[in-house]
Every structure is written in C-alpha cells, then in structure tokens.
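The same subunit A turns up in both complexes below, where it pairs with subunit B and then with subunit C.
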Partner chain A sequence: MSHSDKMWVKKDLPVRVQNLGFLLLGVGLAAGITGLFIDAHRFMMNYLIAFMLLVSIGAGSLFMVALEYIAGADWSVPVRRINEFYAASVLFIIILAIPVLMNMESVFHWAQPQAVSEDKILKWKAPYLDTTFFIVRILVAGGIWSLFYSLLSRNSKTQDLTKDQNLTRKNIILSAIFVPIFAITVSVVSIDWLMSVEPHWFSTIYGVYFFSGSVLASLAIVTYTTVWLKEHGYLHPRMTNDHLFSLGALLFAFINFWAYIAFSQYLLIWYANLPEENFWFIQRWEGGWMIMSILLIVIHFLVPYSVLLSQPAKMDPKRLKFASLWILFAHVFDLYWLVMPSYHSEHSTGFFTYILEFGFPIAAIGLLILLFYFKTKKNNLIPIGDPKLDKSLNFRL
Partner chain B sequence: MERNNKLFAVSALFNTPNEIISAASKTAEKGYTKFDVHTPYPVHGMDTAMKLKPSNLGFVTLGFGLSGTGLALMLAYWTMNVDYPMNIGGKPLFAFPAYVPVIFEVTVLLATLATVIGMLTFFFKFPSNSHPVHDTNFMKAVSMDKFGVIIESEDPLFNEADAVSFLESLGGNSIEKIYYPVKEAYPVFDKKFIGLQISIALVVAGLTYVTLNKAVYIQPFSWMTDQFRSDVQASSTFFSDGRSMRLPVDGTVARGFMPYEYSELTTQPEKPLTNPFAPSKAFLELGKKKYETFCSPCHGNYGDGDSRLREQFPNPPSLHSEKVRTWKDGNIYHVIVNGQNVMPAYAVQLNDEERWAITSYIRVLQRAKNSTEEDVKLVRKEIISNVAQ
Partner chain C sequence: MNIDYSKEDIIVSGRLSIAQIEDLIAKPLETKVDKKFLIALSVSVTALMIGAISLGFSLLYGTGLWGNNQPVGWAFPIVNFVFWVGIGHAGTLISAILYLLRQKWRNGIARFAEAMTIFAVMTAGIFPIIHTGRPWLAGYLFPYPNQHSLWVNFTSPLIWDVFAVSTYFTVSFVFWYVGLIPDFATMRDRTKEGIRKTIYKVFSLGWRHSHRNWQHYEKAYMLLAGFATPLVLSVHTIVSFDFAVSIMPGWHTTIFPPYFVAGAIFSGFAMVVTVLIFVRKIFDLEHLITIDHLEKMNKIILATGMMVGYAYAMEFFIAWYSGNQTESFVFVNRAFGPYAWAYWIMVSCNVIFPQFFWIRKLRRSIPVMFIIVIFVNVGMWFERFVITITSLHRDFLPSSWGYYRPTLYDFGILLGSFGLFFTLVILFTKALPVVSIAEIKAVADDAQPSHHGDH
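Entry: the complex of A and B
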C-alpha cells in the first residue's frame, strides 16, 4: 500500500513565513490605526472590510471542508488540512467583531437612534436592525461556526493518531448537519454586516452573492498556499499537478458562479428599475464609482476567467499562483465596492482613496499567514490517518 | 469480414496495465507517432506515456462559442435597434443587460453543437463509422481482459519486420497483422439504411400525431379555453329568456347615429328638414367627392342620368328636372336616406354631414346647368382675377 520511499515527513515552515506574517500584520495595523486618527468613520468602514475578508475566508474554508466530506471527494484529502487551518479564523470572529460593535453608530446608519426616529423605513426595520439582536446574531453565527470547526478538526486530528475510519463517517454526518446551518448563518451575517451598511436597500440574492465571493476567496488562498507548499516540498511528494487541476477547476467554476449571481442581482434591479432598489447601483455609478464598477467586472470576472480558461492553465503552478493572488485581491476589491460607496454617499464626496486604506486588509492577510504558520507547527499538514489518503494520492485526471 | 492484402497495422497484446504503460512509452520513445493503445478500461497516465498532445477540439469549441457571442449580439442589436426599434419600459434601445442572457444561451448552444459535430466529423471522420481493427481477434481480446498496442503502417518509421520484432522485444504476445477490410461493413450512406431511418421517422411521427391529437387528445392546459362565460350568439341557461346576450335598453342609440324622423316614410314628407350647413368650399368639395363615389355611377357625373351603367340598369331621371329643382334640400336628403323607386337607401354608406354635402353639390350642378348671364359674368370675373394673381 504505502510507498516507503515516498513518505511524507513533517517539516516546520521556515521562520520567514512567520516574519512575513508579523510584518504584514504590523504594517497593516499601523497604517489602519493611523487612518483611524485621520478619519475615524472612514477607517471603521475599512476595518469592516478587513473583518469581512476574515469572515469570508474562514467561513468559506469551513464550508469547503464540509463540502469535501459530504461529496466524498478523493482528490482533496492531501490539501484538506490547508482549508482546515484557514477555517480556524472563525474562532476569532467574535473577538474581531468587538471594535465594530463598540462603534456601531459610526459604521451602521441604522444604529443611530436619531436617524431611525426620523425615518419611516428604518422604523419599520427596527425590530430586526436592533443593536442587541445584532450582537446576539453574530454571537450565534460565530459560535456555531466555531463549534463545527472544533468538532471537525478535533476528529481529523484524532484520526492522525488512531487511524479510526469511523471518525471520517462522523465528520461526514457533522458536515451534512453543518451545510444547511451554514447557508442560513452566512446569509444572516452578510445581510447584517454588509447589506445593512445601506439599511434602506435590500436584495434577496445578497447572501448568495457573498457566499460565492467567500468560497472564491478561500479557494484562492488555499490554492496559493498549496502551490507554494508543493513547490517548497512541504506537501506529500506523490502529489501531482492533477490535484492542482481540481483546485483550478473549482476556482474557475466559482468565478463563473460569482459572475452569474452578480449579474442576476444587477439584471433584476436594472429591469424593474424601482427607486427603492436601484439607488444602490446608482450610488456605484456616480462620482467616480463608475470606473470602479466596470473595473470590478474586469478584475473579478474577465481577467481570471481568461487566465484560467484553458485546461493547462488550471494545472500550471505559475498561472495558478498568479490567478489565486489576483482573485484574493479581487475579493478585497469587491468588499470595498460593497461597503465604501455608502460612506461616500453619506459624505457626498466623490470617489477617492487613501493608500492607508490598504492597511486593515493587509493586516488581515498577515493574521491569516500567522494563523496558518502556528497551526502547521502543532498539526500535520496532511491528514495522515485519513483512510482515503492513499487513494487520493493516486488521483489522476 | 473480408480483407484485402493491404496492411493496416501490426498489433500485440499485453497482460497488465503496467506492461501496457511501459510498452506505450517505449513505442513513443522509439519515434513512432502513428500508433494506438486499446485497453478494456481507461488506464490513468496513458496520455503522458503515449506523448499525446492535448486535443484541438477545445479550439473548435472556443471559436464557435465566440462566434455565438458575436452573432447573438448582432441579432439583438439588429432586431432591437435597426429593424424594429421599440421602447420597452423606458430602457435605452441598446439595452445590453437584457441581451446578456440571450448572448449567453447562444454562446453555449453554438459551442456545444460545434463540439459534438466537430468531434464526429473531424475526429471520428464521419460518415466513416468503422475502423480496420473492428472484428479482429485483437479487438476481441482488448475489449475483454487484454491490453493491446498497434503500430500503423502509415507511420513514417514503419517496417513490417521491424515492427514485429520491436513488439516482441517489448514482451508482447499474440502478435497479429491487421489488414484493411475490402469495404465498409455498415456504411452510413446506404440506401437501405437511410430508407429505414426515414420510414421509422415517418411512422413514429405519424403514430405520435395520431395518438396525441386523435386517439387520446389531452389538453396541456385548460385555463384559457374553459371559461365560466357565455359565448356571443350562444344560448344560455342562466337567463330566463335563454339568450346569452342582453338586449339594449329601449331608446338606446348607437354612437354617431343621428335619428331621422321620416326614416319609415315611403313618400316625401310634408315638412322636410332644412340644410343646417353653410355651403363652404370644403363642404362642397366633400359633396363632390361623395357624389362622384356614390351617385355618379347611375346619375352621371353632372346629374343628367347618363351613367356609366347605361343600358345595363334602368336609367334614373335627370336631376335637372323641374321637380328636383323645385324640391327643398330636405326632399333630396329624404331620397338619399330612404331611397326611391329602384334607388336603394344610402343611409348606411353616408353620414348626416355627407348627405347634406351631396345635396348642396346637386344644387351647384343644377345652377351650372341653368346659369344666367350674371352667373357667367361672375365666373369670368373670378377666372380673370385668378389669372391676374
């Protein structure tokens, strides 16, 4: 069964990964906090973007782990731990939410009692958009995600030692319970934390839109990490480019899925042209935002679509590295595009950006790198106890 | 199958997937390009072992997909902007978001069809549907439990003796020489085959038609055909008089209808109506137009009774008779509405204003026929002033 000459040996990641993580975190936080002193409101919105980046990568990765268990995916076993490590960021969601929860009134228009009392629509929405209820919802969502993350990763970790096949079955059942709960919680969180930034607006497809972006972002970061680790010899030596192809194909699929959902949302609002819906897109078409909206289509769809279209591109490490970093940037850009026009409309200023606004997202990436680094120190990069590992390593297209 | 002397390929059989992978890679390394491998199930890694290039089919798909994008965009643009511009909900004529679903569908359609048709024609060489290895012992073995390699005679390096010894050196057994068949066993364009296909198509279509439309006709939806309403002119069980249509209330008048009090009277009324219109130029021209349309076929262009229908129809009396000239306008009107002797009623064809206009025009004709010196002077004066102008 096992090829003793090609066994996986656990190696620690180089210290420069840790240094890079600390560097990005430090520089990002310094830039972001400096920004907070310049324009507190704007940089709280910026913090929200970085927070949602972490939520999307954490929740998206956790969803991918669950999906791979349910689907009985063979190819993904050697890279599943990478997903799992990034999913660990769901543990920090509640802590990271605290700065926003302390500045509710500056981030969320509906949290200002005066604004609500003057506004018929906000009054009607007040029972849902209520600060206490809002905190309860993020606690519940973060709690559920953390619980499922802990159970799934604990079972997987135990399996490394015991090689107990029943643990895989347990994880499949856990995943099957988790996925429908995830569908609800991710919708609630995206509606609460992104859509309610513009509390007068509503879109029923918003949860799916955020979900598509979040899975795309987590796939991108996992793909980049996989290619990097494979190139530097940290993954199983029997892994081939055929495994990368599956990641590339999933990336390509979710690029299309995101474009499909984004266009569906736009087409319906554009066609009906109702004033209570269309102002959201008009905000994103005026005062310099038009270029950003067109760029979003180019950056988030056309470029990665063209790069990943051909079959060789989906298994070429170089192009995959480029595409996954590009998509990660595109997701940050997407979140910026979702959040910031509301700030601009409130302050009636045209589009402009500070270089400091890159701070918080960079800090979030640094945090993810550190999280990954410390996870690999304590855990195996490959689920060596998984009964499907050998079959998975033989996976060929 | 009957075969001729022309050699197609030399074949060899192997027992395990590992043997066939190594045989395939060694054949490719030897420099053979026209060779093929047959296995009972897909063996992973065969493409790389055989050094196969990726298929070109993807480019066919891409090309036709992109042409679908372009064609659909042109179709949407031409129909919505050039041929039949229509304002839909105040959207711009070039409503790109609305075109996107159509463009997407046509792209997918053309790409898919081109892939299937391209695969059949370029790669499977349609209409050819057979291959020389069909119906050989080699094919029987590789479709059960053996793994086989063939080296084709068209290969530039091919030499019969070399190929046989090479395959033997690889460890292949049951080395077999495959010859071309004399003729294709089941040609696609065979008269009988095509005739059979057409007759099957006709029978199936006919049976389907008869079954669905005659034998067991089922309406797919009945929401619009079965309605709780009475049809026009049909009988009704709902109303006591059995009619589905209701009678109008007494004294109801249709829109635009002017009641004429002597419409039942066959003789001339004692108190005829008076002409309510003043004879303006436009009014007389309306009268001329209507007279020439409806009256002149019998009465003639000038009212003399010398119509185009002379001898085919009883000639009407002249409109310049003493009787008609002394009639009041209301008497002429009465004849137009009710008819007289052979002349039918024109109440349906002509409305109130047109009847009076014709009456006034007849007066013009009568005055022209019996003009006085003063009338002639007046007309001359008019003509001269027109010329001077």
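Entry: the complex of A and C
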C-alpha cells in the first residue's frame, strides 16, 4: 500500500450530519410522544414499528458482515465498515425493547390474561406466548447478536492496526457459527414481535419474509451511505462505480426475493382459503387497507424493480441514492402494513395523528445517523488492515 | 493451515498451459471408447432396460401394477418427478446464478452440471406423463383449441408445472447450447476431416472466435443467465405449489416454495458432486475440477442442508403453534407413525450427516464426501416420499386410512430413471467437451495478469 492511500483515513464527517441526526431524533421523538398522549395504544404499536426497523437494520447489517466473510466476497471489503457501524444498533435492542415490555398488554393481545382465559387458541399457545418467556427470548437474541457484533467488529478493528490475516480467519469461523444462529434468532424475534401481534395467525414463511425485508433495508441504508460518502470523498479514490454495481445488483436481487416470498405467502393462503389463515389478508383488504395493500406492491416491488432493472442503473450513483431511500421507506411501510391492521380504534383521531405516526420511525433513522456519525469519530471508514482490501479495490466488472 | 487472503483464488491448478487444457478436455472426444466406458454404459443401459420393461408392462396392463392405492393416490411417480426436477436445479444454479454472482470457479463445472440439468428434467418429465395412466393423450396438457372443446384446468398448479418445466427445459437447453458454440468451433478446428468435422461445423454456426463473436456471445450469455435465474426458482416453487395450494395437512404451509427450492439445490449439488468425483478421476480432470471446487460445493450442500433443516423445524413448530389439530397430528404421525422409519432416514441424511462438512478435512476428503453426498441423495428422495405418502396415508377420515407399499414395478421404474439419467450422462462424456474449453481458459493462470504483476 502506498502513502497516498492514507489520505482517506480518519477523516471527520461534517457536523451537519450530527445536526441532522439530532434533528430527526428530536422531531421524531416529540411527534411520537405527543401521539402517545393522544392514543397510547396506537403509538405503542408505532413504537414497535420503529423498534423492528432498528432490529431489521441491525441484524440485517450484521448478517451482511458475516455473509462477506463466509462467502469470501472481495468487492464488498471497502464498504464492510459501513455495515459494521449500522450493525452496532443491535447493542441497543434490549434497551429499546423496554418501553414495549412495560406495555405488553397494550401491544400484544395475548398478554392480556383476560383475553387468554376467554380464548381456546390463546390458551393453547400460552406456553409460548408467555410474557416471561417472551422477555427471555429477546434477551437471548439481543445478547447473541451483541456478542457476535462485538467479536466481529473488534477483530476487524484490531486488524486495522496489526494487519493480521489470522483475524480474517477468526472472523470467518465466527461468521459461520453466527449465520445459522442468526436464522433461528431472527425468525423467533419476527414471530414474537410481529406475527404474534395477531396471535391467532400463523405462517411458516414469516421468518423468511422478515429476513428478506431486513436484508433489503440494511442494504438500502448501506448503499445510500456508500454513495454519499463516495461523493464527498470519504471513501477510497480507487473505488469505482463498479463497486456500486454490486450493491445495486444485491438490492435488485433482494427486491425480487422479498416479492417472491410475499407472493408465495399470499398465493398459498388465498388459494387454500382457510378461515384460520385468510382473515389476516382479509383484514388487509378491508376499508382503507385495500389501498395500502395495493400500494405495498407498488412501493415495495414495482417501483424499485423498474428503477433498478437496467444494468447502468445499478451503478448510477444518483439512481442508487433515490432507490435506496425509496426502499428504506418501503420497508417502514411494510412494517406498518404488518403491524397496524391489528390496531382497532374506537374513535377517530383525525388527520393529525397520521402525521404523528411518522414520528418514531423518523426518530429511529435519526438514531441510526447519530450512531453512524459517532462510530466514524473513533474508527476508520475502511478496514485498512484487511488483507483483501487491495484485491477488492482492483475489482472491475 | 495458512491461507493468504490477499491472493486471488487459483481456479486451474497444476500451472497448465492453454494448449494443455484444450488437449485434456478434447481427449475423450478424440480417442476410441475403452473398456471402462463400455462397462459403465452397459450397467446403466441394463438399469434403463429394467425400467423400460417395468414401464412397458405398466402400460400394457395398466397402472394397477403399481402400489398406488386409496388413499395414497400420489405415490412413486410424484416422488420421482419431484426428486428428478430437484436434481436439475443445481445445474442452473451453477451455470446461471453463480455466473451472475461472478463466481469464477463455476466455469470448470458449469457445463457438466448443466448437462445434468437437462438430463434430469428429461427424466423427471416422464413421471407425470405416465402417472396420468394414458400417456398417449399427453398432448391435451397443452391448451389449444380443439374440436372437443377440452381445456386444461388453468387454476391447477399441475398445469402450471407443464408450462414451467417445459419453459425451463427450453431455456436451459438454449443456454447450454449457446455455451457450447465456441467449443464446437474449437473442436471443428481440431478435427481433420470426415463426418465429425461436418457435425462440428454445423453446430458451431460459423463461429470464428472473433471479437464481434465474443461481444455478442457475452451479451446473449448474460441475458440467458438472467432469464434462467427466475425460471429455475419458479420451477420448484410451482412444484411446491402442487402440494401447498391444497388444504392437506402437512402440504399446506407457506414455507413450501423457498423450502423446496433450497431442497432442490441441496439434492442437485449432491448429485453433481457424486458424478464429478468419478468424472474428474476417469478423464484426468483433477486440475480443472479441483478439490477446491468440490469443497465449495460441499459448503453449499452444508448451507442448503441447514435451510432444509430450518424448514423441517419451522413446520413442526407452527404445526403446534397454529393450534390446528390435524396439522399437529400429521407431524407427530410423520415422526412417530408407521412411516417413522422414512422420516428419520430423511432427517438424518439431510440434516445430521451434512454437518460433518463443518470440518475442513472432511469436506476435502473424497471418500468422506462421497459417502455424505450419497446419503443426501437418498435423504432427499425420502423427503419427497415422506411429504407425499405420510400426508396421504392418514387423512381427515380415519376410516379410510391405509398404508402404501410400492411394488416391484415401482422400483423397476425408479431404477430405470437412474438408468436413463446415467446413460445420457455417460454418452455425453464421449460426445461433447465435459468442461467448457472457452470458459476454463478464461480462468486459467495465463489469463490472469494480476497473478503475476504487483500493483
């Protein structure tokens, strides 16, 4: 590595990034908390959406880090740190879960003892849908993710200084152990925190559905960050649009993967038309939800699919920035679509509350920006000690 | 073990020159058949003949010769169909998906795997047609305006299968042929005179290895890979719909599509490894299809095996969680009922044995991987058996419960399907270059300037 390569090491991000983070966090929290005073039940469910957004980006990013190691990918090395920074949000999962855990009965129908006693199916499920066991599960999942995040990122950071190849080897082993555990934990968390919002409903594909969305969301935020950093000269000058192509292609692949999983789930339930399952989709086809369901297909599939279909589009920085922000919004929309039909209001709260509903997700994005900002203060933006870095920077399509 | 991660992977070992590679691959086509070839061919043709005789009797006397009964109406034919279609998936995954993922190591094995896809789909296609009992009426599977006003049931996934599988076969075949064109040209240029030269000439479509040729070729190849990728996923997805759109407990579950696709890739890779172990040895291709290749495939087997295991576990969990009595019964019956033996063969072969591949030494050892991939082949056949038979033999009405026993004719036809597949594979090794000459040259040492110069 030559001396000129050092120019991008430890360059501070502008303060406006920090300001933007604080602004979004502040405005978002203010809106969300105002909402809590208007309709606590509804805004706790909103909080759940924001919480799951952070879970999906944290766990999804951690998965992408692990995937690079076990797949032996080269091209992604210069952007891996960005993934690592966002993956740090898994450290906050347990803390951020507390507000929900304190309001279990408001969010989860099955957590109300009276509801369970009147309902045969909920009684049957009681051994699993049990508040204590539920808390244990999120503690275990959050704990495991934090552990693997700490180990993987520590090795990666140490490698910046030592350039020790053994650390790559160690991280490959860690990643190989992590991925199967991730598959189980992410399924359990998605069943617990999203599927059980409608406690009678069940679908075996649900874990895969959430996985596809969470990888997509973390890819989107990483793509946006990469393009932004590259445009502002924070990434390595030898990084070209060819590197961006892979991000664009992965985004495109996961858009299709999500659509495939969503379609499979829908078609099978629609076709069999069993009342024990189809009520979930009927709920999402009643009243205003019909428009939301159609919009979900447009927003989450048709638009990003068309935007990223062509080969030049996948490496066009402008296009990628648009697509990744769009997909991030689509993911929040998807989470909203998964959670909110289970909210039943007795009284109309007006248009103002709809606006406030953006609060918690915006706060979550603010939190991610701040997390990223503070991570860059202490760490290199590129894993400069990674043995694959040079090979990676030579990468051309 | 010390791996230098900063170096590029070496795909062709032994520092072979471009000319040596070409000679090596062309050798089986330019030498006379030997004893080994004839023995292998006669074994597989014997199997094929046994199948043909079993099938001949079945057509003569009717499908009553098979074990299919009430309530198990779907038996061996469906099991074998799903098994063989699944085998085909590895080929397209290697040739198209790994190509789009820029996995250069796939260049050494893509041709062979894709040929296996085509043969496996051909083998698979036989079963639904004979299962209809009157295969001579198979033409009605295609919707066309006819004087009887007979139309297919468009809402049935079985008819989607007809479209999906035939489209898949066509695209796979075209993709395979397009990949073969430069190699046909190479063979044409190597051949002196005679009928062989004429055949190569015709099939090489006037290929001149010019820049223009390559430019068009690359574009066509990329597009076909892009077409083949959703197709391959759609095929096994629709095969899974055959089961999952019904309201049969044990069949109707939403995870079926990705679970079937993962299973198909799993079984297909096992079959590819099984065959390549022999091919690389017999045709001296150890430098082109290296232990590294096999190791990578074994890793994919490990990964997809765990995906399949995830699906088993998730089905079991949701069967309980749903609170649906019949669903829970079917799963308990699978694991502890009359077909428990088949279930545990499936679980141990598909989920437990592949775990040995966690250990690097074992996934790089030829005897060990051979044993494990054979287990996987067996296990994946049993998976389809378990899904089909256990759900049917005890359905909603206990008075009509039954037990299914295959007959000798069922086994004969199953054996025959292996015979057909391996006969085609063996003939292929003598008829066409088993490794893509053009593609392997692109990843040979001489084609990698970065191996030598430092940056």
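Heads up, the rule we're going with is that the second predicted complex is superposed on the first by the 378 of 397 C-alpha atoms of A that agree within 3 Å, B and C clash if a C-alpha of one lies under 4 Å from a C-alpha of the other, contacts with A are read in each partner's own complex, and residues count from 1 in each chain.
The definition used in the following text is that contacts are C-beta pairs under 8 Å (C-beta built on N, C-alpha and C of every residue); 3 or more make two chains touch, one makes a residue touch a chain.
All values reported here derive from a predicted model rather than from experimental measurement.
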Practice item. Label the relationship between subunit B and subunit C on subunit A in the superposed model as either fit or clash. Key: clash
Review point. Thinking of the overlay built on chain A, is A:396 touched by subunit B (first), by subunit C (second), by both, or by neither?
Key: first
**Study point:** Comparing the two partners subunit B and subunit C, which touches a greater set of residues in subunit A
**Key:** C
Exercise for review: Report for A:312: first if it touches subunit B alone, second if subunit C alone, otherwise both or neither.
Suggested key: first
Exercise for review: Mind working out whether A:267 is in touch with subunit B, subunit C, both or neither, as first, second, both or neither?
Suggested key: both
Review point. Is A:388 in contact with subunit B, with subunit C, with both, or with neither (first, second, both, neither)?
Key: second
Check your understanding: Is A:169 touching the first partner subunit B, the second partner subunit C, both, or neither of them?
Key -> second
Exercise for review: After superposing the two complexes, find the one stretch in subunit B that runs into subunit C, choosing from 165-173, 219-227 or 255-263.
Suggested key: 219-227
**Study point:** subunit C-contacting residues of subunit A that also contact subunit B
**Key:** 267, 271, 394
Review point. In the complex formed with subunit B, which residues of subunit A make contact?
Key: 263, 266-267, 270-271, 273, 309-312, 394, 396-397
Practice item. Flag every residue of subunit C that touches subunit A in the complex, lowest number first. Key: 2-9, 100, 230, 233, 237, 241, 244-247, 252-258, 306, 310-311, 314-315, 318, 321-324, 358, 450, 455
Check your understanding: Given the complex with subunit A, which residues does subunit B contribute to the contact?
Key -> 44-45, 54, 58, 62, 89-91, 97-98, 100-101
Check your understanding: Which of the residues in subunit A come into contact with subunit C in the complex?
Key -> 72, 120-121, 124-125, 128, 165, 168-169, 176, 180, 183-184, 187, 202-208, 249, 256, 260-261, 264-265, 267-269, 271-272, 274, 276, 387-388, 390-391, 394
